[in-house]
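Each of the next two complexes has chain A plus one more chain, namely chain B in the first and chain C in the second.
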Partner chain A sequence: MPRPQTQGEGGPNIIDALLYKFRLALMRGAPLSDGANVLVAVSGGPSSCCLLEVMKRFHAIDPANPRKPRKFGKVIVCYVDPSAVLGYPETAGQIAEAAAAADFQCVTVTLESMFLNADESDPGVVNVDGPSTEATLVKSATSSLSPNERLQQCFQSLGTATAKEDMIDLLTNKAILRAARRAGCTLVLRGDTSTRMAVNTVAQTSKGLGFAMPTEMAERPTWPADIEVVRPLRDLSAKQIAIFNRTAKVETFVTPGVTTGMPAKASIDRLTEAFVVGLVKDFPMTVNTVLRTAMKVRTGCEEKETPRCTFCDGPMQEDSQDWRTKHTVTQLQPTSEQDANPPAASVLCYGCQNLCRDRKGALMLPGYILPH
Partner chain B sequence: MPLSITLEFSGGMELLFNNEKRKQVTLPDSFAPGTATLKDLLPWVRDNLLTERAELFMQDDTVRPGILVLINETDWELEGELEYKIQDGDVIVFISTLHGG
Partner chain C sequence: MPKLCVLCSTERAVLKRPKTAQQICRTCFYQVFETEIHNTILDAKLFARGDRVAIAASGGKDSTVLAHVMTTLNERYDYGLDLCLLSVDEGITGYRDDSLETVKRNETQYRIPLKIVSYEELYGWSMDAIVKEIGMKNNCTFCGVFRRQALDRGAALLKVDHIVTGHNADDIAETVLMNIFRGDISRLQRCTAIRTATDETIPRSKPFKYTYEKEIVMYAYFKKLDYFSTECIYSPNAYRGYARAFLKDLEAIRPSAIMDIIHSGEAWQSKTEVKINAVGKDGKVTVGTCERCGYMSSQKMCKACVLLEGLNSGLPKVAIGNSSKYRQSGQSGGRPSKRDKNMAKADLQDAPPATLSPDPDASNAVPTPADDCPVQATNAVELSPSSPSPRSKAAAAPPLAKHLRCRKCRTILVPASSLTSHEQGSGQQAFGYRKRDPALEIATTCSAFHVSEADVDWIDGVADGSKNEDKISCPNAKCGTKLGAWSWAGRSFWKIVTCAAPAGTDH
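The block that comes next holds the complex of A and B.
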């Protein structure tokens, strides 16, 4: 007797279930965004391609009720192209095709564009100088290097795979928000799954970004003030997304990253992922437990008066430098020098300071960090 | 009669298999119909089809955590995982849900 195939029975159920959870999370995250223009951040990976497919279905005109207004205005797909440092320039075209197939406009911004201002004028560059424990930021108003060369130099001077992954993430996040502002979008959708958020929670905490956890975990983050960033796949696991993509025949575009093909301990993110996913095998509630715990954490980072890191826009904990001086050897700098070139600790959050510490030689950062 | 099955790789798994997303294979005679299980198949796939880094595919005698296995579109956890007895014509899918590939 032939074995029963479950695709016919089980297939539509997972699609409907996923759409339902997507809608719920979207309504919770952006209840007041009717008519808003939406930017969907797509990297080509399984979860963001799933997000694109789900948005296509969500935004489609209801055949049973064609006069029913759509929730959103324009939907724009945004791809931040890291090919200058990772290669695979063809991914941009593949995502543009996927966006066109969904009848959405597609915007591709390059990672190196973050080395220019939003209006494409040149903000100069900021060099991280001095000993790693007491780094100072030195602004150069001009640079003969192209944005691509600046990004290459920045990337090559980072010593660890963790720092390289973090730099790509940081510039990508900034580029998405900039693209949203330029396109007039007040809502940004990101494809983070519950699995990814649990991995990020542990990884970010290990990297000294625990202060920002409430912003990362919030269903309706209060920062940035002008754009709502919502993660409508946050109640779905990476496994559910994989099964949805298989059932709904969603094409994904694999772009190998910094640590692809490397051992699991190649970077903090990879090691944390192996740790969390390994735990899930024996303790299936691990992801939910981590997330429910992380959502209860209050650090005060969402207070209006909390200073912001000029590099990543994340919250800065004011006494973080005291903490560092207690457990590291530091060298004191003459006061006069500090006035001209601010110490990294005065304008960067603890996580970005760590990023600067992971450099070998001079590190070139985008000029926007020190606007004046 | 030798068992003939289809293997599929996606979500980045194909990078470990010479970028082939779908492969039809005829298993050697040592895979007897009715007794050969997935526990026998995984090392054979690793030794005969894998082209890159075995440790990213298997951990101990099973697949690495984070790799989803579907047997005829059903999660292998519902099919007995390693104890599942391979049948002729099975479609076995390996999907990586891991970020770093």
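The block that comes next holds the complex of A and C.
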């Protein structure tokens, strides 16, 4: 693969350079998945629209050699529709059009569908209740509420913007994996840029999710076992993507999120983003440094016997609840009476526990997080 | 209707706990605060019964509260510890002398013995003297390196088994963030450890590892503890600023964020311990001992000895950096110029020509184009003085000749004795008022070095006469730094300056 020259900005070389880096990262991340079906996760933002455009060019038949086999089988575009909580239902149609223009099949999954099982049967709901420090899970096998109403209720009981953003992220990630399994894809491409990954690294650290960092950062994640999640734009900064989009005239469809247009202190993600972007202005290598550091940490979270959180499917640290009660004492005497309901800490990871602590009143979660 | 404490439900809530945002009463606050520290101590098995423990006391809020809590817990839970206070006197007038008074009062209040070790007695230098020598910048390097050793030496004098320091949760979370942003993976793996210990040094630990700074201040306030609160007069405290501001914002959004960051950091902790004189593995730092003082060190000489030697020879090397080069060249000791390892950062531009001891024959003579080559130095070149300063306490080194050296690799370029000077022309002032070109009135002082051809024949194109002007790179093949530009003075002086001056030089 000849390395393209980059001379000056704005020329077609910008496009070639980006395609080259994309291909390198893709080959590193998925060297063995020739002929596999690919799910491209598209949200409508600049980087995922860039990913769609790049995939279109990558998947196109080589005019010089039409008989050359293409790397991938089918390419499917997946959009997770958060319009039940964020509004903007028209984005789904726009992305379907963009996918059709690229000659890809498009699937749209709604966020509320995550309150149902994968086979669309009703798993019931689990209510997280009790004092914030000793939350318990109460399962009711049936509920009269529709999935949409359940999502609304879940969302309303989350008190902070941080928790709302986390909930949307978590459900979106689950929805993408579910869509990939349903469509028979073994490879999922995500449009995370290096800037986004650096922001995520710091934000995850600040939310206590350091244990799961190797899974988040790996070039070839070993988890989940059946699907490979690859981020082929990881070597490109948000700025490079913006220049590419402008040069290649890529259309983007921006859906305002929970903290769009709010001050930096609105949520942890928003604050971290503002902080990292501000730091990059003074120290341009910040993003690369953070990523290289994050890629080096080892926690043993990828081992097979590590228990999994039943909600986010992330790795669970064994003694994190113990650690929390010891070092943040919130009760003078430990409650002696044993509750019939299982504590939230028994099935949820540290990050999801934090999410549950940010609730006001009872928090409604999908029923499948409590098995049996 | 006053709000009742959410823990005991009997007394009035007087404070909102920073860590959990619970509204609780004073007694409950004391109890949870102390219980958490007790849990931390038990959990990490910090002490054994009968241990002699030194509390590193500065007189500030953290160490005062630490001394108070340690004495309280020792009595309440019967740890069986023999406590003492250990203070380091840096010798900073108006800061440390006042805070030491606080520590002395603490000694009587808690009835535990106090030992003060001073920089003056350990190193022969107080911080005030150091600042006088090196100025207001970079002096925190000295203070930090010296303090670390001073604590250990003081602890050795007291024959203690353990040192406890007042580092709080905010400090640790900040360090985690900073190490991520700096990309320091080995420190990132170490920085959340509650206890730093190697086989041969006295273990040090942080019982306040999970205690919020805000709660320490609250505790000191409600208990009316006697502490000293001021910033060090020499500390601009800018380095941690970024991470600290970010952390405070995070804490405002979610109070548990500090604990969450520590939780993340602990997941990254490396399991293997650092051993003295062990072979490095997986990027782990190996620890050896300093060949001069025997203190633990990753290099041949510990940082304090390196800094001290610089101070004593009167030429402090102010920054911590890769100094192995200097040390190795010092070992070989063959060439006197290379033994001179502590260079003053004198820019050539700043050095007045008179101090360069110019050749008496050439002084006051305008150099003729044929035999003098003006060398425009960028900041890559510097003059290295050689004679020890009057403050020198080290054995007198043989006087060394001055040289122009490459600032990066210290290779000798030109002996200063062969530099010649000239009387500077008056520039545009030499022309009539109407004929002056204001655009050319930029160079007011000649910053070029005038040397003879024989001294710079290593410059490419000088010896064979193939060039009249070019750039200069360091002759050391491994270095090759750009040093500036040269030109036979066939060109007018201002042109050389404007062509060769690097961006940012004020001309």
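List of remarks:
The rule is simple: the second predicted complex is superposed on the first by the 350 of 372 C-alpha atoms of A that agree within 3 Å, B and C clash if a C-alpha of one lies under 4 Å from a C-alpha of the other, contacts with A are read in each partner's own complex, and residues count from 1 in each chain.
Just so it is clear, contacts are C-beta pairs under 8 Å (C-beta built on N, C-alpha and C of every residue); 3 or more make two chains touch, one makes a residue touch a chain.
These numbers come from a predicted model, not from an experiment.
With chain A as the common reference, chain B sits beside chain C without any clash. In the superposition on chain A, A:Arg246 makes contact with chain B only, not with chain C.
In the superposed model, A:Thr186 lies in contact with neither chain B nor chain C. Using the contact criterion defined above for the overlaid structures, shared-chain residue A:Lys281 touches chain B, although it does not reach chain C.
Between the C-alpha centres of chain B and chain C, as viewed from that of chain A, the superposed structures give an angle of 70°, to the nearest 10. After overlaying the two complexes on the shared chain, residue contacts for A:Pro46 are found with chain B alone; chain C is out of touch.
With both structures placed on the common chain, the touch criterion links A:Glu273 to chain B but leaves chain C unconnected. When the two complexes are overlaid on their common chain A, residue A:Met262 makes contact with chain B while staying clear of chain C. In the overlay built on the shared chain, the residue A:Met213 is in contact with chain C alone; chain B does not reach it. Minimum C-alpha separation, chain B to chain C, in the superposed model: 14 Å.
Overlap of the chain B and chain C interfaces on chain A: residues 267. Listed in rising order, the residues of chain C touching chain A in the complex are 7-8, 19-20, 22, 28, 31-32, 35-36, 39-40, 43, 176-177, 179-185, 188-189, 210, 242, 246, 249-250, 252-254, 256-257, 259-261, 263-268. In the complex of the two chains, the chain B residues touching chain A come out as 10-12, 14-15, 52-53, 55-56, 65-66, 68, 70, 72-75, 87, 93, 95, 97-101. Listed in rising order, the residues of chain A touching chain B in the complex are 3, 5-7, 10-11, 45-46, 195-196, 199, 238-239, 241-243, 245-247, 252, 254, 256-257, 259-263, 266-267, 269-270, 273-274, 277-278, 280-281. Interface of chain A with chain C (complex): residues 133, 160, 162, 201-202, 204-211, 213, 264-265, 267-268, 271, 275, 279, 286, 289-290, 292-294, 296-299, 301, 317, 320, 323-324, 326-332, 350, 354, 357-358.
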